[in-house]
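Taking it in order: structure first as structure tokens, then the write-up.
Think of it as A, B, C and D in the order they're written, each chain with its own count starting at 1.
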Amino acid sequence: MYKIAKENLSALFRLIAETRELYLPVKTAGQTNYAAWSEDAEVDLDTLKTVKSAKDAFFPQSEGLYTVKKEGKKMSVEPEGLKEQDFVVFGMKACDVKGLEVLDNVFLSDPVDTFYAARREHGTVVAMACHEPEETCFCKVFGVDAAEPKSDVAVWTAGEDLYWKALSEKGEALTEAVKELFTDADEAAVEAEKEAIHKILEKLPYMNLSLEGWNGDALSEKFDSPIWEELYKPCLACGTCTFVCPTCQCYDIKDYSAGDTVSRYRCWDSCMYSDFTMMAHGNNRTSQMQRFRQRFMHKLVYYPANNDGMYSCVGCGRCVEKCPQALNIVKVIKAFQNQGGEQ
Amino acid sequence: MQRIGVFVCHCGSNIAATVDVSKVAEMALMEPGVVHAEDYQYMCSEAGQAKIAAAIQEKNLTGMVVCSCSPRMHEATFRKAAERAGLNPYMVEIANIREHCSWIHKDVEEATKKAVILMRAAIAKVNLNAPLQPGESRVTKRALVIGGGIAGIQTAIDIADAGYEVDIVEKTPSIGGRMSQLDKTFPTLDCSACILTPKMVEASAHEKINIYTYSEVEKVSGFVGDFTVDIRKKARSVDMDKCTGCGVCQEKCPSKKAPSEFNRGLNTRSAIYTPFAQAIPNVPVIDREACIKFKTGKCGLCAKVCQAGAVDYEQKDEIVTEKYGAIVVATGFDTIKLDQYDEYAYSQSKDVITSLELERVMNAAGPTHGHLERLSDGKAPKEIVFIQCVGSRCSDDRGKPYCSKICCMYTAKHAMLIRDKYPDVNVTVFYIDVRTPGKNFDEFYRRAVEQYGVNYIKGQVGKVIPQPNGKLLVQGSDLLDNKQILKEADMVVLATAIEPNPDVRKIATMLTASIDTNNFLTEAHAKLRPVESPTAGIFLSGVCQGPKDIPETVAQAGAAAVKAIGLLAKDKLLTNPCTAQSDILLCNGCSTCENVCPYGAITYEDKEVNDHGIRETRRIAVVNSALCQGCGACTVACPSGAMDLQGFSNRQIIAEVDAICR
Amino acid sequence: MSLEKKEFKPKIVAFCCNWCSYAGADLAGSSRLTYPADVKIIRVPCSCRVNPMFILRAFEKGADGVIMCGCHPGDCHYSTGNFYARRRMTLLFSMLDYIGVENGRTRVEWVSAAEGVKFSETMNSFVEKIYSLGENVRLGDLRCKS
Amino acid sequence: MQELINRAKELLADGTVARVLGWKGGDLPYNPEPAYFETAEELADFVYNSFCGANLSKYMIEASKLEGKTMVCLKPCDTYSFNQLIKEHRVDREKAYIVGVGCKGKLDIEKIKKKGVKGIESIEGAEITDEADTLKIQTIYGEKSCAYADAMLERCHVCKGKEHMVYDELIGDSKETKDADRFDEVARIEAMSPEEKFAFFQKELSKCIRCNACRNACPACSCRKCVFDSTKFDSSQKANVDSFEEKMFHIIRAFHVAGRCTDCGECSRVCPQGIPLHLFNRKFIKDIDGLYGEYQAGADTTSKAPLTNYTFEDAEPSIVGKRG
């Protein structure tokens, strides 16, 4: 284990950026999101939750697939290149790292999404333990330990220092490249930090949320429940929950015409949108209730049914914070719990 | 995908000298959808059109672009050519490579490049064109004229003479209007009644004209060619079929205190009355507010004296519903109220009168039997002052911003008549400007000054002060001599501004015809379509459109008649297919589009909608394509993009933009 | 792609109403009154048919300037169309100015069918303005720049 | 709050309304959600406190289609939106029983959290009956406090006034919260150089994630299908592929609601990225007021909207360049 004084972090970032692209939480116009590091970027490691997750680094909101060029009546197709440049995502939290696992199950199983796979291959994740978890967090519910992120490199902040521990080959490689800035450290401070984090986690209101009854076997029971009719009503059908979510993976494919060239790209889509999965005949989900239900059924029932019980929610709590009308997955889970109690 | 043919015209050397036409044709073949391209000397010539026809048939074209002169020149030609060859005429687009290209650019390379871009835009558009069919609507061969003054009468006679049925709806008990109140008319000084009465008789006797007097338009629905109108026939309390017009009832009526509308309230009339002797129809009405029978239940004298048994106290308002193909508005004018002009002492002195009141005073059938006398004491005036522009050309809110147009001439007429009949009376006219354009008008005015010695003073009157001796002290200014003038007058006559009949607002709303800020009806085009309302099938006759004298009114009445006849002569109306359409699935029913439609073409209906399986009743905008003129104002006002314009659709225009910016 | 600095040839879209301005442009043509070929005219029935979206679309796709011409206020073939267009464009231009787009890139001119000279002069001065402003970089889609 | 609940129970009991549209208590101290209540028992969950910021008028579009009347709780600013929806035939006045609820300024949890307040357990001072100037916040990391005014939504600082424009009855007191001119921010931007303006908006809009929360929360954006979702306009976009698309979206959205936007502030309240979207709408409002005369959308249900109106003397578009 190594450590580096927090005040030297910019030197660390500069050094990483010499050989790799570096993405980390940057504050722009008052909001912190993952962005490419630059000398004048306002790096913000204090904000626990970036507005969007770090998902963009591996599965960008918009991504070119190929370009068609037209010359006269002849056409040529030029596929978009795969990611070739190594990059580092610094500062991801344990929940977001778990989110990558969810995406891996989707994109790395057959047929493999080559764009995603290339990014995963070239990306090194430096994950950061959550120094001060918040009331909207419920990662523990999904088996995530906020104090012990599992990724290429784990880092902790304690006192004036940042502690660094490589956990994978890629992590070792990155460590090699920047080791010159580190000094050796023992684990005592980190252990104390972990304990402190665990103590706080115990106090958080959502940490003991029960997922009992949420699994593939409960499909029709949950699907047919009348509760959805009540739950969806305040939903505005915006895509906020989807776009801030570290695990939502749906996308749409669209064309953009710039005259003689047409580029085909994919972009995130939200199952909350009325034109989601729109087909020639219309849409298979015609009401907002159905769309609302889809999102939570997918996270808590369909996905675990297809992925050995793994949920596609990681308890990051972004939707809890960002839903304009204060709806969220926690309220959904609780509503079913209460309903169960009453029956 | 369309199969598009592109035809590039040389226009002799007009285009070919600056644009490489064969290159343009060659480039056309590179564009999506283009299956044929050729260039030719004169595409508009018979030979050129034959080439187009041949290509349409041989290549099975579904659309075509002609790169030629302005569409304003030959779009119609090429559309017709396409139609003859079996292609829908609305599948033709023109790329203007002459006026917008070859004629204004000198460099061949540059002009050719631009021509290619203009052609691409036209091709991009045609790729999205859809065949359009003009709609058809039927024409009811009957016209409605609202207002029975000289404008309405003339319009009705002209339409009827052309063989069409006309109904006149007149609010008052008789036709005749303002003109019937006038004594003499300028510039010939012939008696108004003498020239009007024959017209009134002609109208009432015309077999094609039906007159509803004492009636008002209640409701209008429908559109050009097919209006449905409810007319309220107010209860006359006299049976029109039985009444012989003997006049005994009026003589015997004990209630004679009602102010006479016809004499502008200067004297009174009986409760059962005809407004004036020559009234048409010569059937009295009972003014139920003045009638003792209606007020107290007693009396009933008129019924007793009526030998024909025509008086009917039980009569009720009746609604008649009629269909019309055209509607002419001839609602005329009134003088403005003078509440705001108290400096002229109109409300304080009976001897301050309006010009229209003077007409009645001068008229033999008027309150003074034609003798010029002061209404306060009946004495003959020696000094009369006329004040011009009372409420006209006014820059503040008290009056009207416009010139009432007729005042200068009638004042000259009044002055002349007075000086002629009463040479000892001094006549002074205060004016801002004297405006006398018109045939024999200025000559007329000069005669008043030169021959009759009328004293014209350029200047405004600040105040008229009634004096204890009964005279009127007029404080004015003489701008030419730059001095204040104080003049004692026996009578003051105000050339009061005219304004559209106040009822016109209500009528305009019913007709969805627009009116301007002064309540004059708006014409479809200020210069080129002055007798048509922007609302199709509505025509304008007389002062309802703007201030006019009698000859102008009659001329416009005839013009409105011709326009109406032109409409009625058609059996069916072909409607422009480039009209707005509302997408039933996108429309919010928010009424925004209706607010910007100048033609009242948009209405809302509750429609059953099947939106991808969701069935519900929604308020939806419906465009009446017979009324829509295709301006597109609604398409931009519509926030959801539901409203689109055929022939100039959002996607078509965007395609042109894209092609130009490519 | 060559690294040579390309000569700036602006793309300029002119929306012209069918009844006045398009006819004015025709008159400019028949009077042989020149203006730069950078201007391309799109015919619309009335200035009130011009959706602000069309203008933004033109900029998106690489236009450097957009001008809209219509009948003089009060002379609209459809009576009132240009009044609505005038308000719409005033607000749109003000918004573009507000977000930092050079306000010379957009213009509205009223050109009657008789004003061929005005049409040509307007286009000349507008094109000159666009040349002075240079390429539109603030309001375009990068995918359309090549 | 109890008065509201009691009244709601009465109205449900006597059949005046079939349901109540208000707020349901959340599971955190600050996250009540809009909710329908159909029985007296359900009303046990009813809350109305300073975190009930949502404008419920837009829900009335759907509620207008339901059987029977809905009692809807509208704050003063919400009533403007409701009026505007009446004007556009999107809601049915007859289907609404409007209870105008008092307002002492609504709180923005983001503002509290931006002050570094984390791990919130409870917040004191946010009840509608509280008169406290300071919020006492209990957190896992200790007790914090925050001035009430500092935690208020932007819109409450420029409040249009606490008068309800349309209602059937009024319940609860209001307190004036306006302490700034609503056009100050717009004027500040107007005074910038074009480069500064562009940089400002570029920075703000670069955060946009095209989630459509602003649009979907906006009561003026009540289109059944937005042009940006419709293939008809060739403008359907879903994601931020290029920075132009956000500009296009936000300008056109503001334009579509120009003259219809009541300045209710929902767009800025709901934006997950904290983009001050009201600056677009308010710019149009400022221009409309200045160029065409003061106009407040939703103050009534009959007046002609500025963009469907005109005068002969209207300013020419060239005024934009001349204003400097």
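FYI, contacts are C-beta pairs under 8 Å (C-beta built on N, C-alpha and C of every residue); 3 or more make two chains touch, one makes a residue touch a chain.
Since the structure is predicted, the reported quantities are computational estimates derived from the model, not experimental observations.
Chain centres here are C-alpha means, and the one lying farthest from chain D is B.
Chain C and chain D have Cα centroids separated by 36 Å.
Separation between the centroids of chain A and chain D, computed from CA atoms only, is 30 Å. For the pair chain B and chain D, the distance between C-alpha centroids works out to 46 Å. Shown for chain C are the residues that touch two or more other chains, namely 52-53, 57, 61, 74, 80, 84, 88, 141, 143-144.
Counting partner chains per residue, chain D shows two or more touched chains at residues 225, 227, 233, 241, 307-309. In chain A, 256, 259 are the positions where the chain touches two or more neighbouring chains simultaneously. The touch graph of the protein chains shown is complete. Per the touch definition, chain C reaches chain D in the complex via residues 52-53, 56-57, 60, 73-74, 80, 83-84, 86-104, 106-108, 138-143. Here chain D touches chain A in the complex through residues 26-28, 31-36, 54, 59, 114, 118-121, 139-141, 203-204, 206-207, 209-213, 215-217, 225, 229, 236-241, 266, 269-270, 272-275, going by the rule given at the top.
Interface residues of chain D facing chain C in the complex, by the touch rule stated above, are 186, 189-190, 192, 194-202, 227, 233, 235, 241-245, 247-248, 251-252, 254-255, 258, 280, 283-284, 287-288, 291-292, 306-312, 314-321. Within the complex formed with chain B, the residues of chain C that make contact are 11, 13, 18, 22-23, 25-26, 28-30, 32-35, 37, 40-46, 48-54, 57-58, 61-63, 74-75, 77-81, 84, 88, 120, 144.
Across the interface of their complex, chain A is touched by residues 61, 141, 143-144, 146 of chain C.
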